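One chain, subunit A, links the two complexes that follow: it is found with subunit B in the first and with subunit C in the second.
Our next item is the complex of A and B:
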């Protein structure tokens, strides 16, 4: 039994990091917003890591899942705001819709694109977010390019005070919870057959097949899991926080790029990596926005090249190699 | 009934006929060598058997079931294990995890838990003598160690038939002899049929296989007892060039070398 629990020790530093962030945000004035942003990047990294980190496949259209998650919450709130007595249950409905929509979209994209390999997969996914954006705008689905503005619906459903608390405080708390959940799912996958199958696929897909691994099945599992977490992140840190959705904003490719940077920086396929990557990226972005506004991407582009060339394992990958054989091995994953 | 039956298999790549109407049978527990120069279609034939390629013509039957169109990941659990010409370890994973992956997914039941798979892995790691490297990343092993790890990984799948693709390529004579002894040992202990593919190390084939199939330019040249196959004039010609006198002379040398090898 003890051994069984020991498998999950690597969650300790992850949860500790989230707890510290939460406490700083709560107790130091003016820090809550920054901590909320950091939690968003950690959650995004953690969600993307389940696919990018564990399978080694790069999905350039990843932001599409974030986007449909945002729409899920927006639709949930606007459609159900007038129902009396649902109260906070509306948020739950929104999350369910976000989850369902992200899952369905990922199933559709994955079933087609995951039959492609490596770079071909990456190329095939580039268009997904743009395509989805133009579909919404062109076909005027979900209000088309006008987007959905639902501040009034939130006020109607929860009352002004609660609505404001939801978007300034509870939205970020939900992001923390989603990030923690993603960490739990990640370690569960790592310790189960799914993790072993994904490792084999990442290292050598043909050899994995000959070893009896149904590669398409496991890739789709990772893809859907990763996408549904992205949907949840979009629903909370985006929709509830800023109660409006515009297609050009939520299908913006640079969130995909940010997610890639976070995962690679921290260490692809590690548990703690996305947290560390999210913190480093979030903090430096925040700092650069102050000293060199608008230059973040210009600085991060060469940075990502340096990471890939100099330390492809990322921060936690390096750390893992260091602690291998020491007593710290058990908590670093 | 033969364990594996290949019937008139043809595999083309565009205009190139890589395997041309090849038939062969393998019985349970047999140890067969497939020999042939570079480009003779050996690896393609292996890939057809393990399901990487689907042949244009002909059938592959395993234990009486037609598996010609069965995807490779479903063939492994039926009892078809293989190693690769150039080792293909899952580099970042440890030796133990590599072998455990074989035990987890390559067995018929598909019910082997992670913990059990790791236990099974330990047994096969001990069998191939890599116990000291259990927790090392597979990518850091030497080429010979990688080959051994691949064998352990394939054995952990509990195959009925093990396909070994150039298990001895690039090894020095001592390692080759050790490997030959080892392959004979696992075949006896695990009671499995083994098909070993060898490009040109006759020392290995002569000492290893009971039966040899020689391939040339995609076709089966001969399928016979090892001695008969390796002394066949056509085989000698393919490997060593022609002229009657020379090949006679060379066949003497073959015999001599074989005798010294036991």
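Our next item is the complex of A and C:
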């Protein structure tokens, strides 16, 4: 039994990090917004890591899942705002819609794009993201390029005070919960047959296939799991926090790049990596915006190149090699 | 009436398509030789556009003469980024090269923004017009189209007739085999990357001859996505395939725009873009070797 629990010890530093962030945000004035932003980056990294880190496939259209998640919540709130007595249940409906839409889209995309490999996969996923955006704008689905603005609906459904509490406080709390859940799922996958299969696929897909692993099945499992979490992150951090949704914003490829940087910075395929990556990325972005406004990208771009060339394993990748053989080994994953 | 409009737009599409094709040849060349997808493609087009703008507005230099200048600047950039970054990533996983080229693109955008600012710019080069009955083509567009075809032909001859060109083709076929036959594969990688980037920067000049407005540090993103579709149409690894893909894409883009505009209650521009990505996915699934080659 003890051994069974010991498998999950690496969750301890992850949860500790989230707890510290939460407490700092609650108890230090003016810090909640920053902690909310950091939680968003950690959650984004943690969700993306399940697919990118574990399979080694680069999904350049990942932000599409956050986008449909945002739309799911927006549609849930606008359609059900007038129903009396649903109260906070509307949020639950919104999350269910976000989850369902992200899952469906990922199933459709995965079934098509996961037949492709390497650069072809990356290009196809960019195509899906952009194509989906232009379909929404072109065919005027969900209000087309005018987007959905649902501040009024939120006020109607929850009352002004509760709506404001939802967007300034509870949205971030939900992001923390989603990030923690994604960590739990990550370690569960790592310790089960799914994780071993995915590692085999990442190292050598052809060999894995020959060994009798159903590569398509495991790739799709990782893809859908990762996309569902992205949908939830979009629903809470984008929809509830800022009650509007415009296609050019929620399908912006820069968010995908941010997610890739976070995963790579912390260490792809590790459990703690996305948290460390999210913290480093979020904090440096925040400080650069304060110290050198307008120059963040000019500094980030060469930094990314240096990291890719010099430290492709990321912070936790390096740390893992260090602690191997010491007593800290069981909590660093 | 609608047929005249369609015919006019298709002619415009064919001219634009030749430029699109030339703009994608660099992407295909780099992918063919190095197996690297240049995600920063559009940023290099943007550099070409700014070179044209700068030469024209400050020195009054004819955009045609900006083409060789842009090509040389592009080659220098290509050598610089190859030896500083890409060389170390040739054997690295896809993730690294995709992210590295993206970061290079962002770096260029930010440097240009630092120098020129981020407002939209344009220039006005008046060289007359030609009327074709169904549509009117400014001479600048015709020069750009001729320039594209000329560069494509030159590249073709260079591949066929020169030793370096032959060596490049051998690396595309099989880099190990080429190495065994005495080809300096490392140098061929560097040269291909440099020529590829040179072509892309030069194509930025041609694109501004076609559309001399809307020049801005972030103008490249849309061209990157179009270039992917075009490259896939042509088989991704073949520069001539890319040229052909560009012609097809120009026709589809302009033709479908005319037809979508007839539908009520839609935004034809966005639907045109949607269609191009549907084509991208279909080609990737059905004929990943491109329209031309039956492998």
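In the analysis below, the second predicted complex is superposed on the first by the 333 of 333 C-alpha atoms of A that agree within 3 Å, B and C clash if a C-alpha of one lies under 4 Å from a C-alpha of the other, contacts with A are read in each partner's own complex, and residues count from 1 in each chain.
Criterion: a residue touches a chain if its C-beta (ideal position, glycine included) is under 8 Å from a C-beta of that chain, and two chains touch if they have at least 3 such contacts.
Here the structure is a predicted model, which is why all the values come from computation and not from measurement.
*Asks:* Which partner does A:322 contact after superposing on A: first (subunit B), second (subunit C), both, neither?
*Replies:* After superposition on chain A, A:322 lies in contact with neither partner.
*Asks:* One more residue to check, A:215. First (subunit B), second (subunit C), both or neither?
*Replies:* After superposing on A, A:215 lies in contact with subunit B but is clear of subunit C.
*Asks:* Which partner, subunit B or subunit C, is in contact with more residues of subunit A?
*Replies:* C
*Asks:* Touching A:193, do we find subunit B (first), subunit C (second), both, or neither?
*Replies:* first
*Asks:* Is A:60 in contact with subunit B, with subunit C, with both, or with neither (first, second, both, neither)?
*Replies:* A:60: touches subunit C, not subunit B.
*Asks:* Thinking of the overlay built on chain A, is A:264 touched by subunit B (first), by subunit C (second), by both, or by neither?
*Replies:* second
*Asks:* Pick one for A:115: touches subunit B only (first), subunit C only (second), both, or neither.
*Replies:* A:115 contacts subunit C only, not subunit B.
*Asks:* So, does A:203 touch the first partner subunit B, the second partner subunit C, both, or neither?
*Replies:* First partner only.
*Asks:* According to the stated criteria, A:308 is in contact with first (subunit B), second (subunit C), both, or neither; which is it?
*Replies:* The second partner, subunit C, only.
*Asks:* Help me check something: in the complex, which residues belonging to subunit C touch subunit A?
*Replies:* Those in contact with subunit A are residues 31, 35, 37, 39, 85, 88-89, 92-96, 98-100, 102-104, 106-107, 109-111, 114, 221, 225, 228-229, 232, 236, 260, 265-274, 277-278, 280-281, 284-285, 288.
*Asks:* Okay, in this complex, where on subunit B does subunit A touch?
*Replies:* Residues 50-52, 71-77, 82, 84, 88-93, 97, 100-102, 104-107, 114, 117, 153, 157 of subunit B touch subunit A in their complex.
*Asks:* Per the contact definition, I'd like the list of subunit A residues that touch subunit B in the complex.
*Replies:* Touch list, subunit A to subunit B: 191-193, 196-197, 199-200, 202-204, 206-215, 269.
*Asks:* Tell me, which parts of subunit A touch subunit C in their complex?
*Replies:* It is residues 52, 56, 58, 60, 112-113, 115-116, 118-120, 122-124, 126-128, 130-131, 134-135, 137-140, 144-145, 253, 257, 260-261, 264, 268, 295, 297-298, 300-302, 304-305, 308-309, 312 of subunit A that touch subunit C.
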